[in-house]
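Before any comments, here is the structure.
Chain lettering (A, B, C and D) follows the sequence in which the chains are written, and residue indices restart at 1 in each chain.
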Amino acid sequence: MKTFKIGVIGCGSIATGAHIPAYKADKRAEIAYFCDILPERAQAAADAYGSGRAVADYSIVLNDPQVDAVSVCVPNNLHGTIASQALRAGKHALCEKPAAPTYAEALEMQRAKAESGLILNIGVVNRFNDSVNKIRDYIRGGRLGEVFHVYISFRSHRAIPGLGGAFTTKAVSGGGVLIDWGVHFLDLVMYCCGDPAPLTVSGEVFSRLGRDIDGYAYKSMWAGPPVPGGTYDVEDSVTALIRTSGPVLTLNGAWAQNIGEDEMFIDFMGDKGGIRLNYGGDFTVYTAEHGALASYVPEFPQRNAFETEISGFLDCLETGKEGPSGIDTAIITARIMQGIYDSAAAHKELDLT
Amino acid sequence: MKTFKIGVIGCGSIATGAHIPAYKADKRAEIAYFCDILPERAQAAADAYGSGRAVADYSIVLNDPQVDAVSVCVPNNLHGTIASQALRAGKHALCEKPAAPTYAEALEMQRAKAESGLILNIGVVNRFNDSVNKIRDYIRGGRLGEVFHVYISFRSHRAIPGLGGAFTTKAVSGGGVLIDWGVHFLDLVMYCCGDPAPLTVSGEVFSRLGRDIDGYAYKSMWAGPPVPGGTYDVEDSVTALIRTSGPVLTLNGAWAQNIGEDEMFIDFMGDKGGIRLNYGGDFTVYTAEHGALASYVPEFPQRNAFETEISGFLDCLETGKEGPSGIDTAIITARIMQGIYDSAAAHKELDLT
Amino acid sequence: MKTFKIGVIGCGSIATGAHIPAYKADKRAEIAYFCDILPERAQAAADAYGSGRAVADYSIVLNDPQVDAVSVCVPNNLHGTIASQALRAGKHALCEKPAAPTYAEALEMQRAKAESGLILNIGVVNRFNDSVNKIRDYIRGGRLGEVFHVYISFRSHRAIPGLGGAFTTKAVSGGGVLIDWGVHFLDLVMYCCGDPAPLTVSGEVFSRLGRDIDGYAYKSMWAGPPVPGGTYDVEDSVTALIRTSGPVLTLNGAWAQNIGEDEMFIDFMGDKGGIRLNYGGDFTVYTAEHGALASYVPEFPQRNAFETEISGFLDCLETGKEGPSGIDTAIITARIMQGIYDSAAAHKELDLT
Amino acid sequence: MKTFKIGVIGCGSIATGAHIPAYKADKRAEIAYFCDILPERAQAAADAYGSGRAVADYSIVLNDPQVDAVSVCVPNNLHGTIASQALRAGKHALCEKPAAPTYAEALEMQRAKAESGLILNIGVVNRFNDSVNKIRDYIRGGRLGEVFHVYISFRSHRAIPGLGGAFTTKAVSGGGVLIDWGVHFLDLVMYCCGDPAPLTVSGEVFSRLGRDIDGYAYKSMWAGPPVPGGTYDVEDSVTALIRTSGPVLTLNGAWAQNIGEDEMFIDFMGDKGGIRLNYGGDFTVYTAEHGALASYVPEFPQRNAFETEISGFLDCLETGKEGPSGIDTAIITARIMQGIYDSAAAHKELDLT
């Protein structure tokens, strides 16, 4: 069995909580480098893993001919640069989602990938979630008939992450709730529906609840307490209507809104049946049989999606074949998100054909 | 106290269940005519009321100089013709919703009204609902701050009315769930938000679940059982995104869909607070005070909205002043609905400015 | 950053469970002495903290010129003596509640404080509770209008602490449920209502359920099992009516009573709104808006009140400014409690003006 | 069997809903007169009863030598005058509660009764309630030991009756919630505790929530809708502390308050046991047996208290003996209520010995 030498670039929470343990769980991988601009973070990750070199400069990783592949776990605004450099240095790459803050950067990553002939997967981890793959099976198997409309809801009462910090600074994150949560929901829908082509997009984004950093009321906050005097120039809510070569998509999303019902779900509406997915959990199938209405929650074992994602990446390295999360499909979501931001700026629908 | 002589044109369920009892509860009204093309329906209504003449031809009503006003309770496709004729015959009119199946007809009704100098109210009864008026007070009073987004949900699992009959025949009804339910939701939102001007509309309508009349599975059906071999050429679901001079509106509606959660509500999202109205019932206010999140369900006595609507109509007759449901505000909803149908036909957004 | 050297005098549960961990959590404090007449208790506290000297005689602490301030965590009957000596020795003091068992002793403490020009805070920790401070904000912000009546209920079915021991021996504790629990409830109310002046007090105290130490039925007992042959000469329940320059206060309290409903709450009744505080927990706001009744439970993050109290004490040391729990406001509660005991002894109302 | 001829003076809801049906249920009574200043009310009552004469002038009733006794069901301000005149005319009387709006008037009624040698019962109907009599049995039987404290709670969120009308006009009703509800609660407690003598009373009354008749928010209203421009000069809430030769009484009452928990109960606290009575319903006994805590809800058949009251009145007529609701015991409650009003006016405690 061949072992792949891996470099992990960026040792924040997505690296230590997801990528590193998942590599550890697959015998085909050996992490050779832990890289972070904060040397102590790199060292802590290496210590926890038990081997590997901690470095602050990622060019050391890219220049080491022993390294087969890298995980890119840096802030969104550096995804494109580092992933492209990695590919040009001959390394396969698994880059965290979103591909890039803008569609233009994502296109460049796609070009770098094509030129290199290597693997470039995007961390759209839902493509490795078991519920999501079951739904894809149901749709492909015809149980829903034609899926003509999908309603996507990622609305929370109070969940702005690290208000005033990196998440809410557009220059670093590229955007707010759409790019942070929306990428997952949209990519999941595209995947289940066979990656249809977007035709039109009309959307609006709102930046209202996080503007007054001191006055923002909340119960708890992920990614640290509010930063007084920090930056908040991203959207906290979004709505859009997207026509595709498959279903019409309607979406509402909010990191924060003055409605207290957290509603995190996706409704796939077909003419023969429908599915509501409770995001991150189970799903209900609604259909009719013999003139009677029927609904049920399928039960099956759920695996750790990050482990499946990393195994899938190692499969690609082993076989040289594209997996389900390659840049070529993930880029469609980037195009839609860019379309929503552009439509919101113009206050009118855009034609994407 | 002056008493107004009323003619009720159309004696179906909206007349016998709502208009006639409400006139009876107001001492200023006396119903002089009960008119229906089915003479036995007219007679039954007169008998139940205890006085008044039953007729089959509405021109008898319009030609009687004693009659002050009429209630128009006929199918949608006749609203425009009869209401306009009534006005030209010198009668005030209360016309059931929607104003008309098309915006063009609604505009003609508005013209007839303007020329006559009389009252023409549309039966957008939610403008007389106590919860709705409280919400309007909250918004006008500033409790929500600026309302920037409204999400409108009128989605039912199985509720196509009289499948194959008048409701599902476009030539009679003018449309499906949008014109039947959507008119109420949209008009209510426009009313609460101060009747803003529509700017763009992008929508899609779907006619999937009612097509196979024999195969339609359901638990119960309002307005009669399915009509085998009947007509079904209207939409059973709809989605749209509407920009206005006030909030952006996103809507999802379905008479029938393969998702079992009946979701009939409206979310008003403001920067200081928000409200979820459970359509036809109470509402929850979400806000923040002194850095704490607060939500509550206001409690107050609820009156019968049809009685308030009819009293409001009689107030207009008495004072000559316009009330909240005059054609001039109700027509905005007609314009939006027409926009959704037109946008759906063109598969692209329309500019309404 | 200046570091303050602290002496903790008394190493019982309020010291080890509240003061010491809170000092540890604030970088400005360093505990130099752990003092207790039981040397092993002092040593255990020092060991747990990791540094500092364990002593049995508090004069060692007061005579060390390095010590800036002390926490007084001894039984109630020693509060006055030790706090006053500390002030006279030039140490700031945070003295556990109640200030003293009698109003006369509290006045002496106030005098010692005034003469020293130092800080003397009383451990009325509710003044640092986040719910309590929110309620104070609501009242000051006008949401309740004028608060004209407050009902204070601290009634428990069976909760006499350490029956027969220090808590139930008047010579040590100064009293029963009024001085143990009532001090918290009364002080909290005074604080929220802007520390109004007491005008009249009429009260009765009852010592019925703990008299028969062997026969006392209970489910569990805090502060140790009953002491057969011990002392029980304090009240187990109390009722009083107090007029102030602000609201009228009515109170019922019981360590033990033959009513099984534990009712621990405070009702603030205003002419525009009201609040029920569930003691130690959340609170509900009741009000009316736009003619509708509204009630809700505000949600917000809750901090550890002991940490906030200790930080507040250190703020006082740093700035030399009085905080919310200085003896000058805390003494009003002492005066009311003394009034209740005196009124109960005389079986008539007392004028406190 | 002797039959007593009865005159019912005042035919409002307490007469038609309680007295008249109860007389009808007892074969010893025959109602000869129905008297009301509104002749149609008198006639309607007579028609419903099936016999008897309807009159508008009560002197007709008092002058008829056939009449044995009268029920006095007129507004509070006329109780004294009519009951005294009836006694002087040789008629036994059952007078609705409260005896009179002031203690002075109640004393006059007592004098008229004493001079006449006839029966004068007051409609303190709880003295005939089966739960109340069971509680009296428990207390007399020693199950609670000595009852040393009673807490009386008659607090409602929104229940002002007929705001602006007779109930809220002091000249007619004599007072608000204390005289309307408090009389029942206080009298019940006095009865259960053996009619102890009042020693001191300290109280305050508040008239805050009903003052703004137009702005009063409510869910429903008994005794008619608000009267715009009507009178509101009574108290909507009350608190008091009363020492007696038996237990100390603490009370809180409100027709309306900004606390939403309706709390209608009485706690009898004894040294051996206690009872919570849910007013108008069942009760729970709390006690200790064999060192274990025990609580239970006694179950027994409940009779109609009004029928028992009327039968008791007829028993008095038959035997000439005093029953439990004679003026001599009912007057104690009048004295306490007067004391609360006087103490509230003086803002200090009164000595009633």
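Just so it is clear, contacts are C-beta pairs under 8 Å (C-beta built on N, C-alpha and C of every residue); 3 or more make two chains touch, one makes a residue touch a chain.
Remember, predicted model here, so these are calculated numbers, not experimental data.
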Other chains in touch with both chain A and chain B: C
Chain B and chain C: spacing of chain centres that average the CA atoms, whole Å: 61
Separation of chain A from chain D, taking each centre as the mean of its C-alpha atoms, in whole Å: 71
Whole-Å gap between the CA centroids of chain A and chain C: 52
Where chain D touches two or more other chains at once, by residue number: 217-219
Chain-level touch network, classified as line, ring, star, complete or other: other
Chain B-facing residues of chain D, complex: 217-220
Contacting residues of chain B [partner chain A, same complex]: 144, 146, 148-149, 151, 157-158, 199-200, 202-204, 206, 208-209, 215, 217-219, 237, 239-241, 243, 248, 250, 252, 257-261, 267, 269-274, 276, 284, 286-288, 291-293, 295, 347-349, 351
Of chain B, residues touching chain D in the complex: 299-301
Chain C-touching residues of chain B, taken from the complex the two chains share: 134, 137-138, 141, 143, 285, 289-300
